[in-house]
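One chain, chain A, links the two complexes that follow: it is found with chain B in the first and with chain C in the second.
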Partner chain A sequence: MFPLQRYEKADSVQDAIRLLSDNPEAKVISGGTDVLIRLRDGKKAYNQLVDIHDLDELKICDITADGTIRIGAGISFSEVIASDIIEKHLPHLHKAAETVGGPQIRNIATIGGNICNGVTSADSASPLLASNARLIIQGPAGKREVALSEFYLGPGKVALDQNEILIAFTISKQDYSGYSGDYFKYAMREAMDIATIGCAAACLIDGNQLVDLRLAFGVAAPTPIRCKQAEEAACGEIINEALLTKIGDALAEDVNPRTSWRASREFRLHIIRELAERVIKNAIENAGGTLT
Partner chain B sequence: MNQNITLTVNGREKTLNIDVRSSLLEVLRDQLGLTSIKQGCGVGECGACTVIIDDDIIDSCIYLAVWADGKSVRTLEGESKNAVLSTVQKGYVDEGAVQCGFCTPGLIMTTTSFVEKNRGKEISHEEIRKAHAGNTCRCTGYQTILTVAGKCLEPGKEPDE
Partner chain C sequence: MAIGQPANRVDAVAKVTGRARYTDDFYRPDMLIAKYFRSTIAHGRVISIDVSKAKALNGVEAVFTYEDVPKIKYATAGHPYALDRSRADVADTLLLDRQIRYMGDEIAIVVAVDDLTASEALELIEVEYESYSPLISPEQVLSKGAREIHPGQSNVIGEHQFECGDLEQGFSQAEVVHEGQYETHMLQHVHIENHTAFAYMNDLEHIVIISSTQIPHIARRIVGEALDIPWGRVRVVKPYIGGGFGAKQDVILEPILAFLTMQLDGRPVKISMTREECMLCTRNRHPMTATVKIGTLKDGTMVARHMDTLFSTGAYASHGHSIAAASGSKNTLLYPRTAIGYHARTIYNNIPIAGAMRAYGSPQVVFALESAVDDTARKIGIDPVEFRIQNGARQNDLNPLNQKPIQSCGLVECLEKGRELIGWQEKMSQRRQQTGNIRKGLGVACFSYGTGTYPMNVEIAGARIILNQDGSVHVQTGATEIGQGSDTVVAQMVSQTMGLPMENIHIVSTQDTDVTPFDPGAYASRQAYIVGNAVYKAASELREKILTYAAEMTDKSVSDLEIEGRNIVLVDQPGKAIISLIDLALDTYYHTDRGGQLTADVSHKTLANPATFGCTFVDITVDISLCRIRINEIFNVHDSGVILNHSTAKGQVEGGMAMGIGAALSEQVLIDPESGKVNNNNMLDYKVPTMIDLPDIGCAFVETVEPTSAYGNKSLGEPPVISPPPAIRNALLDATGVAINEIPLAPQVLFRHFKQAGLI
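Then we have the complex of A and B:
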């Protein structure tokens, strides 16, 4: 039995916001793969829950008339993987979803929960950052939008009020059209593991020119990050092996990994550079480019 | 903190009065006596509590029982029909893919869901491994289990019903 003090099932997003507003101690549960484990662990912060599991409003995954991709916060990782839209337009997100936990976890854990829990190791964070994802958040005063890059405030801290619900992620057409992508998760095991480093890249190429590079990492800093220095070093340059080295050099300015029981800072720095080169190379090749 | 839920368990509809604090594992074991389901780690790592809900496998130890309201749940107990083992169960017996047996009910549900979803498709050894990555077995070394999954997908292996 989970040590719950109070449990309320919301029948809509509006209802969830009302229940959360009525009880400032309440937290949201969706897939439960983090919350139920913390609760079983005896974490009192999670013993009053508002349940948004399986709400239809959070299950959308489509492209709107203006070409914007919408991914509902309540979509499970298995649903992310099964989505033709995501596989075609956001291959780095598709690949990242494949690396989450194991099959049982992917069937229940949601992409919204992965972002809202604020951890730097979230597999979906770096691909969403690389595609300039925006968040649609609903609260008592209505809906607001925020860029994912502004959503992370610190380890485990996100810009979401206690009585707000993340509805969906949006990616505008200009942020995916023509871009290829790749993701690589470095972990001790090939399944059922937390990333030591996760790396996502989205590339736009024109012939042998790298028109745009978006590079993002998980676990390379206290929150998932974009690599502005590395991106600036890459944009507009001719694609060759020397460019990969140049990007790798510039990366040092962007990242700030820590030493933990999983890996040392030095080891992570090595992996960051190696992954950046591999993932960018793959993304370029997926776009039909070649390294000379 | 009780509530009624109605769900289908191994093909039979049940209405149960449950405590909303219960995991699905607790309700299936303690209220329905379906003790094939094991609580191993209790945190969604080992897969010993795996059941199939509406065609998808989940860890029933970290699944609130209330979420199963209106859904269809399958456990190992429902897999053999009229004392005849399912194709996957028979495969586990034939390959000797069982030793202590603690993980077996969960693994059989994982293999069953995988085989049902992939029948007729070209499946690589890597895909079979990946599909079984959420179940831990400390005895068999996995090879026999992966062999069962591969053999159950071979042409000529008929679905159970």
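Then we have the complex of A and C:
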């Protein structure tokens, strides 16, 4: 049994914003796979809900005239996996989506919920960060846009007001065109698990030169992060095994995992480095490059 | 010939169509819900408790605390009653207690109109504790001056030792001696259906309890003991159940529910544990440490072995020292031609309660033994399979404990078959020195186990068969179907002995202590073996009665007649009906002058406990830098006597191996060493493997015939879980040269050991 006090189903984004504004205690529920867990635990903060599940406005998944990819916040992970656009242009996000939960969870859990939930282990976060995703957010005063890198404020905290709705993610053409990518979720199980470490990379190569590297991690810090030092060490360099080592060394500056009963900092640091090398190598190879 | 056929489960259709009814399906409109108020410290005492606000909450019917319950200590273990009271289980449990012995201990209970109200009321209870420092590790428990967890009782709740043969002489003769320390951690059963039960009264006297239990007949007795009421007033009904694996071989909810319904005018009261509660507050697998010493000659002959084990039972005794004792005995048959010594202790500590879990201590002890056996084989430079074949049990070897010959034993054949299946010799001969990050390894381990609990406990089973008016039969046994398939093999046994087709055999699955014949329950892999002897007796008796009646009806001699399908035939003219069973049955019921309902109702005690054997072979790949083990191939080969039903047998083996793989690679209850808090009592953080974490699971059987069983069968329910962990550990050793003497071989454990070994 859930201690639900109030439940309203919104029939549009506008309607949802109005319902939320009318009741400052209310929270958004989309797929509900995070919200209902908390409600089951008796968390009263989630006992008044405005349901945005299945709103058409949140279900876009396309490429606009200027080449921008739009991914609606209400798209489920199964829909992410089924999308040709995502499979073709954002292979790291595609792969990440396949690692979420199990089939039932992927059918209902949304990519918007994954990000708004704000946790560092969210599987879609590092691939979206690696592709410089931006968020389109709508509130009573209209729409605004924010970079994903600025959206995370702290563990479980995101830059979203109580009466705002995340509409979609956008990825501009220059952020995906020509890039290859890869994702590795390191967890204790192959399904139904949260990441011990999640690693995403997007690479742009030219022959044997690594023109651009974007490297992002989940669980390597209190929020999902990009690895600026490692990226700097990589950009423009010749692709070889030594470069991987150099990137690995530089990474130490970027990450800050913590010790918890789930895993020690030392173990996480080891895995972070190991994943970075494997993921970058795969991304390069996916782009047709080879390591010498 | 019904035995040996892959007959469909008799409950398959009921289960897949959702018609099979489980405890929670028996809804009663006036049912109340009870929830425990549990301690938030691991060790201490309640100084004061205030439940007035909880009682005042709308929808709360009652709140009871330790002050309100009978001051009767009872034992929860699902063992048959011990006539020798000095061997009775440890009675250390009250319905509710002010002494706190683990984080989650039961102090009070709220009864309310629904689940949410009960939960809300729990938050309104105010409690003040006096805390003592938690005794978590064995060192803390055994340290001088450690507080008694059960005041007045030693923290060591059991200790014993035995020696078979001359150990001292054995070790003095040994040319190579290996000694090692091994450790296993706390595990969870994770049966799909959580603990759930409810109780009500139909009149002023009788208490009815519907419960998801493996031991309905024992539960009846313990409820009587806990409340000091005559046992006949208690009726326990077990409908279909969603697994138990030993966690339901203890009486956990029944006594408090009987107490509550008696307090509340017989209204139905139910407790359905949440998964978190079930994982924290029912039973688990004992953590164990062991020191193993093995002495051999250079030619590989094992001459002596000694094991010293320490089991942690946690806050309450539950099965007490029996698990350490049983597991010590059962492995002696594995390598019986050697001097054997065993010493074991069981201690209390301020952690969740350990009890029975699939294979009852053997997975722990065999992990230690079979790891040490591999370490020994390496030390003397002998192939680990050869070493086991050389020393393993063979038919007619003497059981070291009672000096009687082992009447059926296929261990060597199992090892040979497993070696073949995995391609051991071929893979070993192609093996090169491995240096890279990815390495391959092969591992083997074997086990011996028992079938039932004789002579420690009585092995009694009842069976009743009735000839129906349509010529079919109804069968009632005391055997508890808990998903293992006991109903199905009982039907096959009846079919085999009576000559009836399977469709004409109806099994009453529900256990109801007011109605069903007595049997202590589903545990110790006893059910098909022990009930088999009772079923054989009942089926033979009814067959005889039917044939005698047929002889009377047809003027033939009994010895000339046989049941064949739906008819009675002449032995020398099979296929030609003399009279149909329907006509015979109608005659028994409705003939005005002769006959009567034909039934057989027997209770049988089995006075044997045959050993079963088997082994695991595994092929793994290790990714050293990712600290990961992947299983490429794995096979269990079992000698369980005659296989009654190949498809259900395979199901048991596959499930058991999956459980063993989880124990080997990922499962562990994580307890904070300071506070005693369990961090992962949920399905996210307790890492049961998912289907895609498991490899294809292979199994095979070496069929022997066990003469003490009417159908030639021996135990199979528990054994599959035992040998996968040491086999995987030995494969890791083969792959990397790193001997890890603990399970699970989870990534962080591998990280620690690989680092130590300089591999990463």
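Here are a few things to note about the model shown:
Operating definition for what follows: the second predicted complex is superposed on the first by the 291 of 292 C-alpha atoms of A that agree within 3 Å, B and C clash if a C-alpha of one lies under 4 Å from a C-alpha of the other, contacts with A are read in each partner's own complex, and residues count from 1 in each chain.
One rule holds in what follows: a residue touches a chain if its C-beta (ideal position, glycine included) is under 8 Å from a C-beta of that chain, and two chains touch if they have at least 3 such contacts.
Keep in mind that this is a model prediction, so the values were computed, not measured.
In the superposed model, A:159 makes contact with neither chain B nor chain C.
Within the superposed three-chain model, A:291 lies out of touch with both chain B and chain C [touch as defined at top]. Applying the stated contact rule after C-alpha superposition, one finds that A:188 touches chain C and leaves chain B untouched. After overlaying the two complexes on the shared chain, residue contacts for A:3 are found with chain B and with chain C alike.
Shared-chain residue A:32: touches chain B; no touch with chain C. When both complexes are overlaid on chain A, the residue A:42 reaches chain C alone and has no touch with chain B.
In the superposed model, A:102 makes contact with both chain B and chain C. Look at A:51: by the touch rule set out above, it reaches chain B but stays clear of chain C.
In the superposition on chain A, the residues of chain A contacted by chain B and by chain C overlap at 1, 3, 102, 190-192.
Only residues 1, 3, 42, 102, 186, 188-194, 196, 261-264, 267, 270-271, 274 of chain A touch chain C when the two sit together in their complex. Put simply, chain C touches chain A in their complex at residues 114-116, 119-120, 625-627, 666, 670, 672, 679-680, 683-685, 687, 689-693, 746-748, 751, 760. Those residues of chain B that touch chain A in the shared complex are 1, 19-23, 26, 42-45, 47, 50, 56-59, 62-64, 66-67, 110, 130-135. Looking at the complex, you find that chain A touches chain B at residues 1-4, 7, 9, 29, 32-33, 36-37, 40, 51, 53-54, 78, 101-105, 107-108, 190-192.
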